[in-house]
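Think of it as A, B, C, D and E in the order they're written, each chain with its own count starting at 1.
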Amino acid sequence: MMEAKTEDTVLDVRNLQTVFFTNSGLFRAVDDVSFSVRRGETLAIVGESGCGKSVTALSVMRLVPDPPGRVVGGSVTLEGTDLLSLDEAEMRDIRGNRISMIFQEPMTSLNPVMRIGDQITEVLRLHQEMTAKEAWAKAVEMLRLVRIPEPQRRAHEYPHQLSGGMRQRAMIAMALACRPALLIADEPTTALDVTIQAQILALIVDLQKTLGTGLILITHDLGVVAQTAQRVIVMYAGKKVEEATVEDLFANPKHPYTRGLMASMPAVISFGAKTDARLNEIPGMVPSLTNLPPGCAFAPRCRLAIDRCRAEYPPLQEVDAHHLAACWRATELQGAP
Amino acid sequence: MTTINFDSELRRAGAHSTRGWRRLTFLAQRYLLGTVGLVIMVLFVWMAISADLIARYDPLSVDSAQRLAAPSAAHWMGTDSFGRDVWSRIVHGARISLAVGIGATALGSTLGVIVGLVSGYLSGWVDLLFQRITDILQALPLLVLALVMTAALGPSLPNVIIAIAIPLIPTVARVIRANTLALRELPFVEAAKSIGMSETRIALRHVLPNTLAPLIVLATAQLGSTILTEASLSFLGLGIPEPYPSWGRMLSESAAEYVRTAPWLVIFPGVAISLAVFGTNLFGDALRDILDPRQRG
Amino acid sequence: MNDQRPLLEVTDLVKHYAVRGGILRRRVGTVHAVDGVSFSVGKGETLGLVGESGCGKSTVARSVLRLVEPASGAIKLNGIDITGLSKAEMRPHRRSMQIVFQDPFASLNPRMTAGDIVGEPLGVHGIATGRAQQQRVAELFAQVGLRPDQMKNYPHQFSGGQRQRICIARALSLGPSLIVCDEPVSALDVSIQAQVINLLIDLQRKNHFSYLFIAHDLAVVAHISHRVAVMYLGRIVEIADKTELFANPRHPYTQALLASVPIADPKAKRLAPMVDGDVPSPINPPSGCAFHTRCRYAMDRCKVERPALVEAGEGHQVACWLNDGTGRPQENP
Amino acid sequence: MRSVHALAAAALLLLPAYDLASAGEPKQGGILRVYHRDSPGSASIHEGATYSINIPFMPVFNNLVIFDQHIAQNSQDTIRPELAESWAWSSDNKKLTFKLRQGVKWHDGKPFTSADVKCTFDMLMGKSQQKFRQNPRKSWYDQVSDVTVNGDYEASFELKRPQPALISLLASGYTPVYPCHVSPAEMRTKPIGTGPFKFVEFKANESIKLTKNPDYFKKGLPHLDGIEFTIIPNRSTAILGFVSGKFDMTFPTEVSIPLLKEVKSQAPNAVCVVEPINVSTNIIVNSSSPPFDNIDIRRALALALDRKAFVQILFEGQADIGGTMLPAPGGLWAMPKEMLESIPGYGPDINANREEARKLMQKAGYGPDKRLAVKVSTRNIPVYRDPAVILIDQIKSIYIDAELDVVDTAQWFPKVARKDYTLGLNLTGNAVDDPDQSFYENYSCGSERNYTNYCNKEIEKLFDQQSAETDVAKRKKLVWEIDKKLQEDVARPIIFHARQGSCWQPYVKGITIMVNSSYNGYRYEDVWMDK
Amino acid sequence: MFAYIVRRLALMLVTLFGISVIIFVLLRVVPGNIVDILFDAAGFVDPTDKANLEKELGLNLPIYQQYLNWIGGLLHGDLGYSYVSEKPALQEILPRIPITARLAALALLFSASIGIPLGVLSAVHQGSRLDYTLRVVSLSGLSLPSFWLGLLILMASVSMFGSMPIYNPNPKTWTEAFAIYAVPAMAVGFRSAALTMRITRSSMLEILRQDYIRTARAKGASEASVNYRHALKNAILPVITVIGIEAAFLIGGLIVTETVFNIPGVARFLVEALRWRDYPIVQNLVMLIAVVVVVANFTVDMLYAAIDPRIRYGD
């Protein structure tokens, strides 16, 4: 949001710029992205693959692989501390402690040769003065908290002995063990079946409420956004193109891309929908980040594009109260798509 | 935040050179060691091909007046106890080493591909049988098997090639088999099946070409080890017989007598072996980096 | 829906995989991948097959194409049982059925050009070679929305959506009457997904072939299908006309599945999961109704007796003991 | 020669004669450490034909008679009694009688008697129940009809015809007396002798250990506590070991000229000698099939040889050129230089010789444009291979393109026996510098070692004539004539007679390297170490 | 697990049986036999003596009979008699095993203790100058013929210390024991160390790209903890395979090394026996080597199971 930081602000990201140096050229993965997250709030970052949403999260964590990636501009302020100015040791004290992250692939994100209990214990002992025994007890406690049945036994098991849903629960337990101020969940349910997805999302939202953690939820699924987030950022080709409360966004999307995304999603409950009706597709492809057009990156796919769109990048403007969009024609767009 | 020179970073990443000559020079810089290896390999191949031009003397010609001459303008690497020019022998030795290296690798790889492809593709008892055979061949160290085989076949160039090639089969077969098994499950192979393509054609058209990259990587790695094995066999007196100037033989026996009085007889053939193998290894390493995406850094 | 004889009839399809172990690698367990599945697909119809991972939907797809050999059951294509046919006998029937896979990256041989990939079936079946083949491939490219000049490109030069178009062109090349789509859009981005779905719909309208459309995404299945079958642990638990199924799901699993789909509407917040726990292992599936371990309505009978798929309304079949085997009418969420 | 040759010098010989270098009171004790060039196939001297067996095992045994261990040139005059106290020829020169020493005990404590002598020679003649696995020198006793005993301490050899050379054969290191009560198989693994040292152990490829025999019949001997042979096949490793002081002595007559240089530079104090080993390097020519059935081509081959070049390359000049018999000064039977140089191919003008050879080749239909392609077969051992390489290079000059055909040891003799070769490069060792041995073995019709199947009845007669000749001067004349004829027939062109070096540390005393045999001088009973 | 082990053991027996047949047949194909070689010393072959000798050694029997005799004996622990030394083959082979085993163990120890840490170092500093240097060194380790390296070491040893290690079964001092065993072990172990290093490096690089490494970093684990606690334990698996295979393949390297350093071990014995066509020794040595290889592979698989909880063989 554009307004000044409040007491409640956990994370404030300003003009973040992350680039990748690749052999096919400069890759502006995150280009001038700003947002903030308040205590207990859920911010969803939504977009298609390659739009820079995951890199944004990794930039906040300062885990962008270098080479080829590098954060080249902006600031990331967590609870008043500028993370980008910390040295590596100081940053380590923050990671897993004040910010935690869970990833898309619960299958590969846990160390296969360490027991679940040990992996949770590790984070506790890294950040809190605890004996091994206390940490273990706490780990079991966390497993119980994420509703893993028989936590005592499960703590002694290895990741491969757990189902995908259970592993993601274990990841959550690990991420929340130190009661972080901010949790970043990067596509936490994409790899899971729909019934399990519902369980995990419910768990995350539930725990977030209980613990008052700020949450950044990164997803490509607008359904997930609608069900979990309070505020939403839509990203396209490394840039933030729209930001609004979830209600505003779904009721009144202001960016053609957001509208296109919503329109192209098939809906489950299409009672009256004509069988084999065509979807409203967005034509063309997601552009390569190395060869962005000079103006709005979405212009080549946009039905509403005018000459100005192709020539000049539209700035983010507040088109409604607390509703930002980067489109020359945002004000012309009204209502649900 | 420190300032970042985008241009130099990009140049390091190779962004300015995507095709043509610039791409080539970029790759040469990026895989500097591999390029060095390639240059060494090319040099040795060139040496082998144009040995008759490069060699300044007949490698077999004996000269009693020029025995054990130290390296000089006339004899760059000195002469051996027969007065034969070491440089000429090393140049001609490249032929032997490369003939054995390439011959054995090619033979072993071909047989290994056949075994691996058939084994991976047919499964069932053929696979079981082939797997047992590769088990058996793999249960003996390369040199041991090659030793027994050369002893059985007798020392000669073709026999040495065969003796070194046979122990290579299982490694290649394993890689190809594993690849084939993995490829068999891939949708494009299933798609080929679903259009009613025959199994043989699928194996040759869809499976085989996709095993080429790991095969090339493996073959380059094996090239070095076959050269070394030939040298070891010759050193033990079981490799290529005299008077062919095999590097391993040059090092063994008679040369060993001159370890101190004529060290060039020990140093140059050893350097030749090491350099040739080093070159293939460097090149193979870079090739693996390029062709095997799992290893990409 | 068609009243004609169905194009594809699958009856009691069973596919088990042996789990081997012990000293002599004897069978120590069985993966009940597909455990008695029956359905039919009419001409020009799209049957959606939906279920969570491991429910056996892909095995059904592969069995229909005889990419895996079913253990038992019959697969009739245009009334001819193809299960017992030899490879040679099977060949002419292959022209009638084609498949599009999930992974657009692994579906194309990376060492062949797009044109060769699409043209290959024509060559194999001796339909067209040389220039004629080129010509035909160019037409197919145009049909799926690719430029003919892209024929000489290699798969890695295409984006995911374009690759899937190549796959579709390949499937189209033989003029099939049935195309099995195994999760064709689940690897694609939302905006691209819509393009591919639209393409599939357009092609069907033009060519009148049938789809067996397999997906885990209810929304996609709901959109493209005429009828939908829901699978759970190797069995179909419910099958019905699309509108009927979504309006009036009878099986608790179908209900749970529907309830779990996040709706892109913030006003419809409903994150209460309908089912707990994970899908059990298909190696030793639960006795009776396989869903009883997660079903909130499970009764004693469910644990011991397997409910059969019975008619519970017009064209609506369900396998549940509730309400005398007709399942439970959906309660309002 | 005297008809009766008697020598009774037992008491005298109890005091060993030393050369000047080893003068001084011998010190007792110490283990002599020697490296061995390879692992001998067995420990049984009678079953071997290589000094790899003689050197480590000669100290275990005694002969009836032995060449004086401190006179470098073996001849009939240097033969000394050992287990025999004396010997005598009968007047018709057809019976040789030995009086045996009494009180000699085998290492296992059993007494030595004439039965042991009879057993040994009966076995060598293939007459006894027990057989050697192999009996390479059976032909030495072709003229012996019987060995008889007279009581426990007298044994006689009955001959078919006079053969004065027999006593030389009996004095070779190859002719120890074996115990009757020990089987040949045991002798191969755990030899029992009467000699100055007892066998301790033989670990193949590792070591051979001998220890002092305290009950040796020569009182006060041996001086050494034992001898230890460490087997090191790699010559440079072995030499490095010697120069770094790990060994007291090299393997005798095994140090090549280049390695000798290294020893001199690394261990300047070491005592080194280079002596002929009475091994000739020669070409076996298959004259039974083309192209070498043509005497012209054979002659051309002989004329093409540049023997000096061989000697220069392989021995830095330190080897001898001659005919069949070992050249002087080491050898006793070599023909004079002028006579040698009159043989085709031995002349000093190599170019002229080769010119003549080319003419002969052209006569046979070959020339620069029609070259003769042949194979030179030889064994896969450097001493065989190296001269073959030079040979191939040399005959290029007479339009012969030869390719080396390296034959595995196991296949060499079967191949040669099959006549499956054109040219072969071969080594012929002579245990005793005596014409009987070399002529009969290598040139007589039907001899197993006559690989070329050279058979000339006229020469055969001369063989017998010289063999029975008791007058040394007359015998020499005959021998020269035979030798020259053999060379002119290109029966088996001799290229050179090798020399090899032996080195020992300066504190090792009492070693004498023989100059006309490398098989006879290793009793080592009076070797001692001055430290 | 038990079933798996039993199955593996059965397959091992099949492999060993196959080797026994192959080696037996190969040796019979070899032209010329021990008898020819024994006669070689005599300078000629006497056909009757040869026949007698072949009979004595049992070489006149049909091949299958010879094979059955050998295998029958083997199963009773009777390895037959060496043709050359006429001693029981067991008695010839047994004392040489510890020598080679000691060398191999030292070489492995050397290669693991050098190769693994350097491999980790190289991977962690990927792309750095250190990485480059280590890669070049390790590649040269794979390129130098071990016999040449041995020769160079001996040359250097003599010119520097005026002495060189000569094998002595009972080394008197620690330095002598070191010279006798450690120097050749290093000469042969250089290659294995290089190989271990390379495998460790590439394995580490691959593991460092895994998601759980990112997880570990996201937890705030230090680089050391990430590299050693998280990555190395996963990366070590392929390294174990390589060391396992290398343990067996060291025998190949030891053949030349034992020759150069004149060590009377099993490996050199094989070459000598082969030269002598001493079938009982060659056969049994090859079987011994095969057993070592097969057991090494088996051990590696068991170690895998011990280290990687995902692997539970069998059911």
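Quick note on the criterion: a contact is a pair of C-beta atoms (placed from the backbone, for glycine too) under 8 Å apart; a residue touches a chain by one contact, two chains touch by 3 or more.
All of these numbers come straight from a predicted model, not from anything done at the bench.
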Chain whose Cα centroid lies at the greatest distance from that of subunit C: D
Pair joined by more contacting C-beta pairs (A-E or D-E): D-E
Euclidean distance of C-alpha centroids - subunit B vs subunit D, Å: 47
Intercentroid distance (Cα basis), subunit D paired with subunit A, Å: 93
Where subunit C and subunit E are represented by their mean Cα positions, the distance between them in whole Å: 53
Per-residue overlap in subunit A, given as positions that touch at least 2 other chains: 67
Residues of subunit D engaged with two or more neighbouring chains: 234, 236-237, 240, 266, 408, 411
Multi-chain contact residues (two or more partners), subunit B: 154, 256, 259-260
Touch list for subunit B against partner subunit D, complex: 60-62, 64, 67-68, 81-83, 154-155, 237, 241-243, 253-254, 256-262
Contact set on subunit E toward subunit D in their complex: 30-34, 36-46, 49, 52-53, 56, 82, 84-87, 92, 95, 151, 154, 158, 162-164, 166-167, 169, 259-262, 264, 268-269, 272, 275-277
For the subunit B and subunit A complex, residues of the former touching the latter: 1, 4, 6, 9-10, 12-15, 17-18, 26
Subunit A - residues contacting subunit B, complex: 19, 21-26, 67-68, 70-73, 84-85
Footprint of subunit E on subunit D - complex, ascending: 39, 41-42, 47-50, 53, 131, 133-136, 185, 188-189, 202-207, 230-234, 236-238, 240-241, 243-246, 266, 408-414, 417, 448-449
